[in-house]
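Sharing a structure with you now.
Naming follows writing order (A, B, C, D and E), and every chain is counted from residue 1.
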């Protein structure tokens, strides 16, 4: 998994039907306690908000965190770091 | 997912049969609102065009956005950013 | 797989139910005997602790090392290096 | 997918049985019309030759382009760019 | 796939049961005939030894080269380059 901070959200009205209702967040990756210049877009599954530090699962495993595990998604926020 | 801008299309006449009809687009990745020097080729599934900002799903999850989920494809445009 | 040293743990109280009980560790990658500036978060499956050198499996294969192979996880510590 | 130019082939006599007959090609990645310093080894599935510009699918999706979809392969040339 | 040279082996006594008997090798990646500073750990499936140039398959496809295709492994040596 990757650790990161949610920096913003991404709005997409025209998208695949399986992604309707998904909350897309832009996450800045943190490594060893320091922010990096790496970013990705992940779907939130735990009610996280901008500014929170989160755990992101990538790849095909990410879909297991969604209600619809057939959604074409490769990154999901699976936890909020305390 | 990755956010990016469609910069062009790629034409391939000789290709795997499962990819016939696919619209290949070259996408420049955007991170934190700034363009990067990273690019990939993705199949459009939402009617996106050159110059539009899009969301790209990569890996085996990408195939779930295609009519033929057995196509040998690893990146699909799944949404157009507003 | 990747070789790395466990540098710390990550605590997440609010997380996906399938990840309850998972021990998240921050691992610094080692290449050719030298530490790098690459880090990832992996779930421990072998009883490893901070400071130990470990092997990490990533991607969908990682889930095979967990009791719940449907957990939305993409990196697991699968061995402790002697 | 990635776009690239085939720079050479790789000969391996001792290999997994499922890979017998596979044509391994070294591909130099092209991004935004310019060559990069990134390379990978892909199995040809479309009759491509050295010097041709091709599309490469990576990851588990690559196997879908092979006659034997259980071959331990993670990159396949799936199209020749016009 | 990636091409590389086997630089050493990694010994892990305490590991997941599915990995018992696996021969872990540290492989230095070669691109365009030149060594790089990239390394990974792969399980040998073809009887390769230190100093040999090999092909490595990564990701979930790698497991198809192992006797136990449910082993939590993401990289396997699948061929020895002539």
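Just a few scattered comments:
By our rule, contacts are C-beta pairs under 8 Å (C-beta built on N, C-alpha and C of every residue); 3 or more make two chains touch, one makes a residue touch a chain.
Just so we're clear, the structure is a prediction, and the values are computed from it rather than from any experiment.
Any chain bridging chain A and chain E, meaning touching each of them, is among C; the list is complete. Comparing the contact residues of chain D and chain E by number shows a mostly separate set, under half of all numbers used being common to the two copies.
Note: Cα superposition of chain B onto chain C, rotation of 145 degrees, nearest 5.
Inter-chain spacing, taken between the CA centroids of chain B and chain D, is 19 Å. Work out the mean CA point of chain B and of chain E, and you get 31 Å between them.
Under the contact definition stated at the top, the residues of chain D that touch 2 or more other chains are 59-60, 62-63. Each chain touches its neighbours in a single ring, whose members, counted from chain B through chain D onward, are B, D, E, C, A. Across the complex, chain D is touched by residues 1-3, 31-32, 45-47, 55, 57-65, 76, 78-82 of chain E. Within the complex, the chain E residues that touch chain C are 7, 10-16, 18-19, 24, 26, 28, 37-43, 59-60, 62-63, 70-75.
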